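Have a look at these structures, which come just after this line.
Both of the next two complexes hold subunit A, though its partner changes from subunit B to subunit C.
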Partner chain A sequence: MDLPGPIHEILVLFGGFVLLLGGLGVVLLTNPTFSAFSLGLVLVCISLFYILLNSYFVAVAQLLIYVGAINVLIIFAVMFVNGSEWSKDKNFWTIGDGFTSLVCITIPFSLMTTIPDTSWYGILWTTRSNQIVEQGLINNVQQIGIHLATDFYLPFELISIILLVSLIGAITMARQ
Partner chain B sequence: MIIDRVQVEAINSFSNLELLKEVYGLIWILPILTLLLGITIEVLVIVWLEREISASIQQRIGPEYAGPLGLLQAIADGTKLLFKEDILPSRGDIPLFSIGPSIAVISILLSFLVIPLGYRFVLADLSIGVFLWIAISSIAPIGLLMAGYSSNNKYSFLGGLRAAAQSISYEIPLTFCVLAISLLSNSLSTVDIVEAQSKYGFFGWNLWRQPIGFLVFLISSLAECERLPFDLPEAEEELVAGYQTEYSGIKYGLFYLVSYLNLLVSSLFVTVLYLGGWNLSIPYISFFGFFQMNKMVGILEMTMSIFITLTKAYLFLFISITIRWTLPRMRMDQLLNLGWKFLLPISLGNLLLTTSFQLVSL
Partner chain C sequence: MFLLHEYDIFWAFLIIASLIPILAFWISALLAPVREGPEKLSSYESGIEPMGGAWLQFRIRYYMFALVFVVFDVETVFLYPWAMSFDVLGISVFIEAFIFVLILVVGLVYAWRKGALEWS
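After this line comes the complex of A and B, so read on.
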């Protein structure tokens, strides 16, 4: 979305703030249903970021798949669990918790250091290919389609096979 | 964002002045507010139509005292709901209870963003148009699940679960039909889809090129709206009123609004996808080609195209209201069987057929 500078920044800040709040809510809320709903909030905020970055198709796919399908299924499953059982017997701080928190804290810091160091314009093999084909097509959706059918054809097919395998596995497990 | 040309010129002359920059920002909101006002009026008209048509089907008189022909009945209903007490269930979840209906309303209102009412008269002509509608309408079940869960009432809970299951399972055939249409018109944008049908008037409609898709779309959009043959989430005999059992006052009004907004959106999308949108649809008469120079004629053109779109949409609305008062309700297992074992394979086959025809014609 080509918004004037300050409005764009305000929206980014607002989205990031809500995203952080929602992420904390997923982890810290004791009622699992609330956590599932705040996960939905986090996913909506991520798609807001995609909209601000001008990639509408990815944003809408994010909404459709993650919010509309996966999060609804998670809420569906979690709503059958009785909320009060979860927070009863809770040993507050174990070694496992400490180890997990250490890992979780190091990951964002390492990400924060590596992201500014990487030269993102060096990764050109996605942008340079098929320039002749793309000249007439400015459309975002069409570009994604061309890339899926040329550069990323093999990964695309492999992923579809993995999905098929997991689908068949789920059906056989459900039948037993 | 399409505003009238006069308005645009006025805005440009305004924006030269530094002081009026903020006014310029406010003017951008104007089309949105106009659209909201129009939607509200249309919903009121649908409520009135539903009362009148159901009355004439059941050989009653229907509303007649509030205003001429009972036209003000819908406003009277709305005002009554607004002034009613807002009862909160004592052991329910109050925050979720309040957020639920608003999520449902917001998700429906957002999908009006991409509906073209007239020639170039659309709030945002995005390249992903129809896909946006599909994605956003898949958020609405979250609001319904919230409402069902937070009411602390087993009927509400069951209603919420049923609503979510139903809308997920009918979303898929709906998406396949839309995909077939976008293959035919080479675009996802709603404006392009209408333009692709404009060539041969009445005979260029997608209805003739996609008859199976049209039927599947009709059935699954009725199911998405939770209209009567598929209104299991609020089946009175089984679950008191489904997820809206505990609601009263304006929150109940919001759910009521959601059901009619949903109906309006899907009828407008039937118009855009299958019935040729804003075109006059009489072949060999190019109504709009005559005069391009005059501004008054431009405004007339715009009004005509909006009128044509709304006429087609209300035709579909009439059909769906008649269906509501004619057909009995389905059982839950029949509903799921119809969705997964009949509509899904048929729409997949339709999509395959369309794809192969497109490939042959390339």
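After this line comes the complex of A and C, so read on.
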């Protein structure tokens, strides 16, 4: 099933449109619970983009971690807020809002100018091929696993220590 | 540059899996008679009379379960490519992953001893 160009473009446009709608929903919905669910929709759309870019493992990791775990954490955090405190603040446009919107508008424009100027082909790990990788077989996920186990074994172990630290810190903070 | 032929079965599975609940809801909406009353419109809480509103505050305890879940979720993501490339790489990688899991088991034991896994 090779999707031809037009269908691919339609899927990208659809994903981007839903992503924009979801982002607007995160900002504009007054009930923070709905904002959190809208953020989940945005993250699902980002994983759709990863699928369209043929990086399935990143898409699955995105779904598993961001939608399945981080978004659940955010919804939990919203649930801790008392329901009556939500719509108290009627003051619509403050200095903080103006500053934030200025920063948020600046970021996409600076990204739009820098992304075409950067040469993405000089990056080391996308061009250099490992000896084992060249021997054939080998799909995407296996390549990630091989790199993780040979070239990046020290960061791989450090990740577990970071996870341990975050786990212990979270338990200590939540017990107080 | 859009190759999906490796994942034909996955897409078929996804379509069937999303069709079944849609069909189930559609058929039941088609067949069931519509009669609305106050009992029918109240939220269903395992057959018990609902108490209070649905928007209530959670206790902070439950946040710990979510945090522990996030940590082990990330661990799973890192172990999956390891498991996929295991037959290529052999026994030394097994020791690496063993250390990886061992460090996280320390965290699990800590969470257990501190009572973070008790649901009450």
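Here is the rule we use: the second predicted complex is superposed on the first by the 154 of 176 C-alpha atoms of A that agree within 3 Å, B and C clash if a C-alpha of one lies under 4 Å from a C-alpha of the other, contacts with A are read in each partner's own complex, and residues count from 1 in each chain.
In this section, a contact is a pair of C-beta atoms (placed from the backbone, for glycine too) under 8 Å apart; a residue touches a chain by one contact, two chains touch by 3 or more.
The shown structure was predicted, so the numbers you read here are calculated from the model rather than taken from an experiment.
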(message) Quick one: is A:G40 in contact with subunit B, with subunit C, with both, or with neither? Answer first, second, both or neither.
(response) first
(request) Have a look at where A:I144 lands relative to subunit B and subunit C in the superposition and call it first, second, both or neither. (result) second
(message) Just checking: does A:T94 make contact with subunit B only, subunit C only, both, or neither of them? Give me first, second, both or neither.
(response) neither
(request) State whether A:G68 touches subunit B only (first), subunit C only (second), both chains, or neither. (result) both
(request) Determine, under the contact definition given at the top, whether A:S119 touches first (subunit B), second (subunit C), both, or neither. (result) neither
(request) Check the contacts made with subunit A and report whether subunit B or subunit C touches more of its residues. (result) C
(request) Go through the superposed model and pick first if A:F57 touches only subunit B, second if only subunit C, both, or neither. (result) both
(request) Starting from the residues of subunit A touching subunit B, keep only those that also touch subunit C in the other complex, and list them. (result) 33, 56-57, 61, 64, 68-69, 72, 76, 79, 139, 141
(request) Would you mind writing out the residues of subunit C in touch with subunit A in their complex? (result) 1-8, 11, 53, 55-58, 60-64, 66-71, 73-78, 80-86, 88-89, 93, 96-97, 99-101, 103-104, 106-107, 110-111, 114, 116
(message) If we count contacts the way the header does, which residues on subunit A are in touch with subunit C in the complex?
(response) 1-3, 8, 33, 52, 54, 56-57, 61, 64-65, 68-70, 72-73, 76-77, 79-83, 132, 137-139, 141-146, 148-150, 153, 156-157, 159-161, 163-164, 166-168, 170-171, 174-175
(message) Help me check something: in the complex, which residues belonging to subunit A touch subunit B?
(response) 33-34, 37, 40, 44, 56-57, 60-61, 63-64, 67-69, 71-72, 75-76, 79, 139-141
(request) Could you please specify the touching residues of subunit B with respect to subunit A in the complex? (result) 96, 126-128, 131-132, 134-136, 138-139, 141-142, 145-146, 149, 157, 161, 164, 168, 171, 188
